[in-house]
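Common to both upcoming complexes is chain A, partnered first by chain B, then by chain C.
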Partner chain A sequence: MRLKLFQDSVMKTLCYFAAVMTVAVCLGIILYLVIKGFDQLSPDFIMTEPNPTFSQDNAGGILTPIVGTLLLTFIGTLLAFPWGLSSALYYTFYAKKGKLRDTLSTAIDILAGVPTIVIAIFGLAVFTNPFWGFLSSRVEGVEGISKAFGRSFWVAGITMGIMILPYIIKTCAEALKAVPPSYIEASYALGADKRQSLLRVVIPAAKNGIITSVILGMGRIVGDTAIVWLTLGGTLRMTGLQPWYSPENWPSTLQNTGSTLTSYIFYTSPAGEGNMPSVAFGASLVLIVIIIVLHIITDYISSLGKLRDEE
Partner chain B sequence: MTLSNISIAVKNVDSWYGEKQVLKNINMEIEKKSITALIGPSACGKTTFLKSLNRINDLVKGFKISGIISVGGQDIYKDIKKASDLMFLRQKMGMVFQIPNPFPMSIYKNLALPFSEKNNLSSRKRIDEVVVKCLKDVHLYDEVKERLDASALDLSGGQQQRLCIARCLTITPEIILFDEPCSSLDPISTLKIEDLLRELKEQYTLVIVTHNLEQAKRIADRVGFFYQGELIEYSAKDKFFTRPRHELTQKYLAGKF
Partner chain C sequence: MKSNKRMVKDNIFKHILLVSAVLGGLMIAFIFVFIFIKAWGVLSVSGLGFITETGFSEQIRDSYYLAAGEQTWFFGTKGLFIATLLTTAGALLLAVPLGIGTAVIVCEFSHRAIARMLSSVIRLLASIPSIIYGLIGLMVVVPYIKDSFISPELQIQYLYDPIMRMQLSGKSLLAGIIVLGIMIMPILTALTVDAIKAVPKSYKEAGLGLGISHWRVVTKILLPAAKSGLFAGIILAAGRGIGEAIALSMVSGGISNVPQVAHGGVFFLTPVLTLASAIVNKSEAMSVAAIESALFSCGVVLILTSMLFSLSTRLVERAVKMK
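Moving on to the complex of A and B:
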């Protein structure tokens, strides 16, 4: 009996420590970044463009990496959301049980498991095809070579969209499946067809879950490095027509290369290819803050849903 | 019943879920502008029968049916081939479910949505009129007029059920089917719904499945007793409760099963 009680308390203590360690790791990372990066943070750091240099004092800020991160998130989400939601609708409400549905399910699972660096290589392979030249730029003036450059905000954004597609499909399908059949029944009983029922009743009912899935997808884009590294080109600054921020130059900016927070960290940190640890830490802190904010929004939205259920 | 008085005519209907037969040779005529109550023990086929009338059972896998159900002279299984005709049939027949199922949106939108979708209409003024009228018809308007934009899920169960009835009225049906509409409600909400049903039968044909004998006694004009998939007895209410013909009906009314 005593042995049993002892085993019980050992078990409990082990689990407790495992849980505490998890929290400690998370807090440790955040604390470390705050200590190392907080000094860097200033309106100036956020609002100026980075400068490729060896001198830390002239390194500038992280304006274009932040904009780059936002651009990729925007393009990727814009592509993956309607695509993913439609696939999820097909999977949940149209596909009959059978080969096609199974194939779709397997494809989603495999795609979710493909490392992003592989997706990046695939993206590069596709978008260097001259046909897709309008998304980046064509390599011109080189005898015997007809290829597109294959690195730009368009290319990286689209590749990001493909990367998050399986997650969006899965989480949207779960949200759609959770809609009570009684809503759908009521809709049919009112003489609505399938399209009306899905658009007007099911999707609004699954709204919270769908929004959550999109935000989780955004989080993955914000945090990804491999796709940026291969398909956005290794430049710190925007390389389109300058100034990159004036509206008439936006098309050119999107067709050309730049950086995101993750690639900026890689190119400035000594752990990557740089020699400016303090700006790298500053950028890491900004990145983690973005991730935390996305997480808080997700939590808030799912708490809205819970309140409703308890009533 | 004279022919012109018949809203729904059912002839030799059998139905199955997969291999299991759930309705056996049902014959029944349902009168216009009256309340027909269907009673019987659990799993006797009464809900299946009700849900066959607007073909909402089509959504159930493995459901099969034979025989004739004619609504307004149209055989709803043989004559209706196109999806649009099926939608049209369902717009002629409202349905209220056992558990109130307002859509998870505002009270206003619950009524505006089916009306504007059916009529392809977006005139806010016309929609407002219909919403108010339907809410008044179910005596819900005074209780919710201050908060039409609040979520329908914040209403009480009884209010939700009346909202669901109002939602049916927005599509101006001729027939309304009720599947145990009061089984999840408290007694006071139940009485309110029953009063409402009595008013509604002035304009609509009502078919109601109920577990509650007393309810059938209070509101029905005709009563049908289902047992193990068969329609054992079907007659006017007074006759049904005072002089039931069939032994099984007598036993059921006496609470013997």
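Moving on to the complex of A and C:
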């Protein structure tokens, strides 16, 4: 008996140890980034363009990587959100229980489990087809072989959209399922048809869940490196017509390559060609701040939902 | 007339939804087909040799420097398979005890405010991008391994090792295991917390009512009842580990060695390359058709594994529902 009690308390202590380790690792990572990255942070670092050079002082800042991250998030969400929400509506309110629905939801589950690196090479395989040449630039082959370059903001953004699609579908479907059936019944009773009930009653009621799902999707895009590295290329600067920020050059910017915060970190880390860890830490700090802000927003929205439920 | 128009609109709306749902469902098939077509060149030449032969790094290098006609389309990825299995298994060994331990504390043995803070920290950890784990692994874990386990004599000795020559730099299987373990631990913890919370309260109350100590209730009642959720979590975490490309390509070494048991402890210091990180690592050589096809073949293997994993989590979930 004594021995058992002793064993129990040892195990319990080990569990506490595990919890402390977890917190220590998390705080350790964030503190380490803050300490290493804080010196680097300045309005200048954020507002200037990166400059591929060997000298640390002329390395420039992370303006174009930040813009790149925003662009990809925007394109990806713009593709995945309407697509995902309408699929979720179909699964939740139209699909009859049966083979079709089972197959589709299994397919979505599998898609959610596919590593992003695989989705990245899929994007590359599809968009190097000359048919999609308008999304990137065309490479004129020697013997009349035409091939698209397959690396651009459009391509990477669309691939990102495909990557987050299954998550958006799943989380939106959950949000839609949580709407009480009485809402729809009430709407039917007032003479609305299914489309009107869904658009005017169910979606507004599931608003918080849907917004959370989109923000989670954005977080995944912001944090992804594999897709960026393969489908946006490893260039630091915007490679379209210069200056990239003037509106008449936007189409060209989107058709060409650039970088995001994640690919900038990869490039400037000792694993990439830049090997300037200090700027990589600066960019990491900015990245983690973006992630934490997205996190706080979702927490806030879900706390709104809880408050309403308790009333 | 008016109601007729409404019906048409309703119908169109329904069909738009149907098309988007079906397109979403077909996406995985598109992905598989596109990748398989590109992979066929290497897979058809290599056959079973693709998984039973070694020497991936050397084959990539040879293909890169040979002229277009002379390239070999034969690639052997045994080293990549072994490295993928070892890193994922090692990471799970590290993360499963830590994850379950933390989850138990969060669910059962902490004050509500602390539990809330802990689960927030865990979710934050789960959403830290893998590139940051990779960067920290490269800047902290790799130098640590190099300083504490690798002496210059050891480096020289292994440059001329009779079994397998390699350059020990700290980027190694061990670094991969540690970084991957830290990466998948929060996911595992979060899923375990969900699984424990899903156990009906009455189970716990019945146990406590019988006079069993709180700890015993957790280990003998709650965890066994949450078993299927735990399994699903472990499978998911394993899937994440197998598919992790960026962080592992940064810390694990990038050479397709097969770690040798005969090396003793140096087994863990061997630089390795996993299937997913091979695609990132060698992506710059993709302009060569044979290499492109070889990397897509790695993609095919990754898709098949992830399919297997997703299907088995579904089976586990279904088995629970049946019960």
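What we mean here is this: the second predicted complex is superposed on the first by the 294 of 311 C-alpha atoms of A that agree within 3 Å, B and C clash if a C-alpha of one lies under 4 Å from a C-alpha of the other, contacts with A are read in each partner's own complex, and residues count from 1 in each chain.
The rule we apply is simple: contacts are C-beta pairs under 8 Å (C-beta built on N, C-alpha and C of every residue); 3 or more make two chains touch, one makes a residue touch a chain.
Keep in mind that this is a model prediction, so the values were computed, not measured.
For the composite obtained by superposing both complexes on chain A, the positions of chain B and chain C are free of clash and fit together. In the overlay built on the shared chain, the residue A:104 is in contact with chain C alone; chain B does not reach it.
Touched residues of chain A were counted for both chain B and chain C, and C has more of them. When both complexes are overlaid on chain A, the residue A:11 reaches chain C alone and has no touch with chain B.
Applying the stated contact rule after C-alpha superposition, one finds that A:78 touches neither chain B nor chain C.
Vertex at the C-alpha centre of chain A, arms toward the centres of chain B and chain C: the angle is 110 degrees, rounded to a multiple of 10. Once chain A of one complex is fitted onto chain A of the other, the partner contacts of A:200 are limited to chain B, with no touch recorded for chain C.
In the superposition on chain A, A:178 makes contact with neither chain B nor chain C. Contact with chain B, but none with chain C, is seen for A:189 once the two complexes are overlaid on the shared chain. Distance between chain B and chain C in the overlay is 5 Å (nearest C-alpha pair, rounded to whole angstrom). In the three-chain superposition model, chain A touches both chain B and chain C at residues 193. Those residues of chain C that touch chain A in the shared complex are 6-7, 9-10, 13-14, 16-18, 20-31, 34-35, 37-38, 97-102, 104-106, 109-110, 118, 120-125, 127-136, 138-140, 182, 185-186, 189, 213, 215-216, 219, 236, 239, 242-246, 249-250, 276, 279-280, 283-284, 286, 295-296, 299, 302-303, 306-307, 309-311, 313-314. Every residue of chain A that touches chain C in the complex is listed here, in rising order: 8-9, 11-12, 14-19, 21-23, 25-27, 29, 32-33, 36, 82-84, 86-87, 89-91, 94-95, 103-104, 106-122, 124-126, 162, 165-166, 169, 193-195, 219, 222-226, 229-230, 234, 262, 265-266, 269-271, 277, 280-281, 284, 287-288, 291-292, 294-295, 299. In the complex of the two chains, the chain B residues touching chain A come out as 54, 56, 59, 83-84, 87-91, 93-95, 97, 99, 101, 103-105, 113-114, 117-118, 151, 153-154, 164, 167-168, 171. On chain A, the positions that touch chain B within their shared complex are 180, 182-193, 196, 200-201, 204-205, 308, 311.
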